[in-house]
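Think of it as A, B, C and D in the order they're written, each chain with its own count starting at 1.
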Amino acid sequence: MTTNLPPSASSQDASKPLWRATLMRPETMTLVLLVAAIIVGSLLSRFFDSLSFILESATYYSEFSIVALVLTLVIISGEIDLSPAAMMALSACLFGSAFQAGVPIGLAMVISIVSGVVMGAFNGFMVLWLRLPSLMVTIGTLTMYRGLAQILAGDRSISKFPTWFVGVDYRELYGVPIPVLIFIFASIVLAVVLGTTILGRQIYQIGTSEVAARYAGIKVRRIKFMLFVSMGVVSAICGLIATSRLASVRYDLASGGELQMVLIVMLGGTYIFGGRGTILGTFIASWLLVIIATGMTVADIPVTYQLTVMGLLLIVSIISTNLIYSRNQA
Amino acid sequence: MTIIALLRRREAGIIVMIVIFSLFVGVLQPRFLTSETLRIVLLAVPLVMIAAMGEMMVIVARHVDLSIGSILGFSSIVAGMLWRDHPGLPVLLGVVAALATGSALGLVNGLVVTIFRLPSIIVTLGTLSLYRGLLFFYSDSRQVDPQYIPRDIIGMSQTSPIFGIPWIIIVACVIALATYFFLDHTRLGRQIYAIGSNPTAAPLRGIRAAPVTILVFVISGALAGVAGVLYASRFGYVNPGITGVGFEFTVIAPIVIGGVSINGGVGSVGGTALGVLLLGAVSVALPVLGVSGFWQNAIYGAVILFALVIDRSVRQGGLKGLLARDAA
Amino acid sequence: MFKRLTQLGLSLGLAVAGAAVAHAADKVSIVYIPKNTGNPYFDSLEKGFQDGCAKLGCTFDAQAPATADATSQIPFITAQTQRGVSVIAISPNSPDALNQVLDRARERGILVLAVNGDLVGNLQHRDAGILPVDFTKTGPGQVELLGSEIGYKGDIAILSATTDAPDQNTWIAAMKDVLAHNPKYAKMKLLTIAYGDDDPQKSTTEMEALIQKYPTLKGVISPTTVGVAAAAQVIETAGKAKQITLTGLGTPNQMRPFIKDGTVHAIQLWSPYNEGLLTAYFAVGVKSGAIKNSPGTTFEVPGLGTVTIGPDHIINTQAELTTFDESNIDKYNF
Amino acid sequence: MSASTQSIGGQSAADRAILLSARGITKQFAGVEVLRDVDLDLYAGEIHALLGENGAGKSTFAKIVAGVHRPSRGVLLLNNARIEVLSPLAAQKLGITLIHQEPISFPDLSISENLALGRDDGKPLGRVRWAELKREANSLMAQLGIMIDVTRPMRGLSIADQQMVEIARALASESKLIIMDEPTAPLTPKEVETLFGISRQLRNEGRSIVFISHRLEEVRALCDRVTIFRDGNKIATEETKNLTDAEIIRLMIGREVKGYIPKHKTTVGEVALAVEGLTLPGRFENISFEIRKGEIVGLGGLVGAGRTDVARAIFGVAPAASGTIAVNGQVVEIREPADAVAQGLAFVPEDRAVAGIFRTLPVSQNITAAVPEMIAPKGFIRHGLERTIALDSVKKMMIRLVSPRQPIGELSGGNQQKAILARWLLTDPKILILDEPTRGVDIGVKAEFYEMIGALAASGRAILLISSELPELLALSDRVLVMSEGQLTGDFARGDATEESVMHAAVPRRKVVGDAQAAA
């Protein structure tokens, strides 16, 4: 039985005041949490209110945050990718091994980015051509890519990179570390892409109804494939940033990062079933995570609480986002 | 397509794979083909076997539980701390506590998944982290040293009630058989398959999907709790930061290779058990062959992907159909 | 705009740090960052810190990451730097990944000490390394212990942690050296080195594989606490205690049941407690100016006697390994 | 009409035992009344037809009786005792079984298990007796004249076979009341006859059957009484023999049929779309036809005959394995819908909710979805422009809405359909494929659609119209093609196409057509 409302029944809904529509957005919730976290953080520790400290801490999370931005697009399009942390590790290990084997560092960087393309394309192939669910595929590739990194690099840590390559997080522009700048820049670019271009529009449409998008002549497979490849490329780039920051690389680089990336995206109010979400939300959520993590660390709160808080946040954020959207849809 | 027909009977396929693999390893390292190997493999698998029985039910019901590693860790710590801090109490009480802990954590998973209708994979990714955090908190980040694990528990891996078969293997067999009986011969078991096969139609056949789904998560948690006790038995101590970490992949890989479809509704206890045995044999064989343990992760990942592709090609009626264009 | 804010923040942070330093004369604050949380070895080490600080009047705190991966300690170092503690003692998870963040801490006047494991290859990024014993003697000590138990004769194997662990590799190199060159050990044959990744499960399968592959195996050295415990469990489960002699580095608490039931006769280790104690004394001494942090300097630690700062600023807590067997194991609780 | 029908149908109402009474049944969905104050009595041992247009409320009524929905108001009485039907399982226990329009199947479970599911009320840990299940399943399938291995899984069974399993399930349930919601749609005439035979037998045993169908001839052949629904109201209950077809239709739609479809003038031009030898194994075979500019070609046939598959193949949704498609005389390769759109094709799909609309997105986005270059001339979306374009379409198509920012899911079916059509008109398509364009659309709006379709053809566009409503198909089409079991079986010029000729071609040939006629 169809349950279409006649226009009159929904008129209150459409004419809902703007402030209420804004308040009911998940991003607003994230922003409120951010403000609250800053206040609580400052109360917990007097060491907290230093911007340079926060920015420095932000570099530790910037790689995951940058990947989370692209992951936002992937999730809006109705897919998911749990393998980026493993892709970071494998591409960075490739880079390190190549460099160690005497490959010029520039070429080694190219190799790592190409490996990102290949890994992303493999994910895309499995999902789009073999039509396997992306969740399971990327759980498989997350294990496999990490394992390949382990086979490649063993458990040694590769270091001794040239000084110009090392320490990207200590280079600053206007007092802001480079990785954080890259994150901010990437946020702006992706926000523009998602919010104002046809590509962005079509990503939402695909996520809302893939079948309808295909019938409307949208090249669903091409767009999704591009998103998976972008995940690979961005993961590789972030693998390089992490390598530079740590001045070394090991197979366990970014291990467990998939949880944090998904957490950022969910916390930013992106709908797990696709079709809804914003870069702004992910941007705010990234800062929220930085504030919570650094705030707790600097306040000497044991790591056990941090794990608990992260897990709890993930669950609470999907529940609330889900509730907000299902209410809007009712 | 005889290969496909063979793969349809996944159990037959896995038995063939186990035989081929064993012969292959045996040729390279003749010492592999001894009863000693069998003993080692059989000692290595009960943990995975028991947890896999629960996880398999979850997957048959078209869900997944990624938090079992943390549940295993939590249950074993709860039991271990009980043994350590209250040495006067009966040993069995620790086992009961582990079961109760596992069930309770599974219940939370089930409730969140069904009440809010959220994808279980994301929910359990969250509880994976949440439970591990709580576990650190509960244990005060302290491990339970071997001297506190009761000898009766350690003895489960060593002593045998019958035919020289250690207790833990018997426990695993009993649980596997019980699972088989439950899934294949009770109405409730068949309802799990029905829910996984067609969740929207289940209520129309009078199946109450929510409670059954919750029950499945509880069973999965409880079995992870049992596996937690066996962990203490086999490794002799439990550590909040180590016990059960990464266990979810160790469990999911043999399940998918055992022919349990991640699309729900399909899968047998026999296939799962054989999958566990196959991967158990692989993990025992790698060091015997002198292959670096680094390969294990990559192999597990590849196995999951391979099983996914096989599953898809069987459904599509052969490899030819695999690449056919989408008919959505 | 940002820059000015940053400077403001920086000066605020420095002011706080300065305040902390100003107090340093009477109250040194030490923070210890172990490899990961839940590791009983480090619990014991922390105890040494606590007792030392109780006597010396310094404040002590331990902050552990959840996992032992290369990057997990970094946010903790930064946060403690921001807090303006006077001493950071760390058991590094990676010898390479911490250089920059440790340098930044040292720029702020924080004393950075590597404890229990050193930043091999990057020694210039810490102020001193506090190691339990002279690591060059650990390997030979272990070989001697095993040799004495098996009559200096037979096939042996090593079950190590990871291929990349610097300490392990130092010890193993010394073991190989002494086995090859000391005629006393001429009849002991090293068959292989297995790696259990400090993971109970993996150590167990590796140990099982050793037993299976080498029926002539008489002795196993496992110079890692996780490995030796797993190996003992395997030997006990397989009922091979009569054929295979196990020794290694293990904590008394972890190994007590095996030593009591005869699966293992003796293990060795040093006192992690003393490491913590010594570090506390050293740190407070350097901060107060009583100890000059340069090679050759000596200082007194109650209970440990006179301690000398060695080359590369390496300080050892004790000369020899302590051997634990049935006779003395109950005296230790860590 | 058989003798037995008359003898039972001929008794006077007063003599008959009433099995089920509905009193004042009202149902609201999201504040909209879809069923209003329905009173209905079902006799024991009768076959009772529910008739009405789509959305008239007959399926909702059936689902309320079967416990799928709960009534907003009103009561049900079974054997004069008030009952609360809380769930399908509760209905089952009361002896009420519903055979759904789309067969319920658990594809991974065996046929025998599908038959058994939900029929037992035993303990959850009660044992499943596999041998018993198999024996029972075999005997049920034999009763229905179906030879099939009952231990095979449902996956892969044809819709008809699945429907037969559903029917077998109802048989086994010993229900006093069996409700069949359009059970015959996927069945072959022979299977229909088996079903009718069994239905009569059940009636003779004193059980009651509610039969929902659009096919008047079936109702006439089988049913003792009919109840007619319109717009959520029960309009009439009458003995079948007392009503003529024309009267029934008048009661269903509330006015005379004639003249409600506008006459369409044809000025046919060159060939716009030529399809040659299109084949997709298992779906359709060797389909060839052409459509000229300004021509409306109707494609008729039974549900499942492969009409939609052909349309989806042409549009690239599920391309054919072999055969060619030529647009304006040029053979083109269409691998996905985007290619089809580039060739000037447009497709209004049958399954609007899934394949048509983006439910949660604004109407404006839905309208402009196929013309990105129009709203984003330089790559960036110009929202003002988009709004203008959308509002223009809204006005042209007379789409009723509050705001173009409103999610399209809030519009009525007809208005949603208009928006989909508007989306395609923006692409200025040369060839339009309309798959059941008026399904789920109110009568009044239907007329608007007919006018639009006519106008589109008149403007030189080629139109392929798929419709299961014969009068609509016949009135609009210049030519009518008919498919049956994946083959083209009929090609009628406007004058030659009649309901009889089209139905004749649509009925599968391999079966003996005489059976169906003999039955009627």
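Here, a contact is a pair of C-beta atoms (placed from the backbone, for glycine too) under 8 Å apart; a residue touches a chain by one contact, two chains touch by 3 or more.
Keep in mind that what you see is a predicted model, and the values were worked out from it rather than measured.
Across A-B and B-D, the chain pair carrying more C-beta contacts is A-B.
Chain A and chain B have centres, each the mean of its CA atoms, that are 30 Å apart. Centroids of chain A and chain D (each the mean of its C-alpha atoms) stand 44 Å apart. Chain B and chain C have centres, each the mean of its CA atoms, that are 35 Å apart. Within chain A, the positions touching two or more other chains are listed as 154-155, 211, 214, 302-304, 306-307.
Shared contact sites, meaning residues of chain B that touch two or more other chains, fall at 132, 136, 141, 292, 326, 328. Residues of chain C in contact with at least two other chains: 37, 64, 66-67, 197.
Shown are all chain pairs that touch, namely A-B, A-C, A-D, B-C, B-D.
Of all residues in chain B, only 29, 31-32, 34, 36-37, 40, 43-44, 132, 136, 139, 141-143, 145-147, 154, 157-158, 234-237, 239-243, 283-284, 286-288, 292-293 touch chain C in the complex they form. Taken together, the chain A residues at the contact with chain C in this complex read 45-47, 49-53, 55-57, 60, 154-157, 159, 166-167, 169-170, 174-176, 242, 245-248, 250, 252-256, 293-294, 297-298, 300, 302-304, 306-307. Within the complex, the chain D residues that touch chain A are 29-32, 34, 55, 59-60, 63, 69, 315, 317, 336-338, 340-342, 347, 349, 353-361, 365, 369-370, 372-373, 375-376, 379-381, 400-403, 405-407, 409-413, 415-416, 423, 427, 440. Chain contact summary for the complex, chain D toward chain B: residues 68, 87-89, 92, 100, 104-109, 113, 117-118, 120, 122-128, 130, 317-319, 335. On the chain B side of its complex with chain D, the touching residues are 184-191, 193-194, 196-198, 201, 203-207, 261, 264-266, 325-328.
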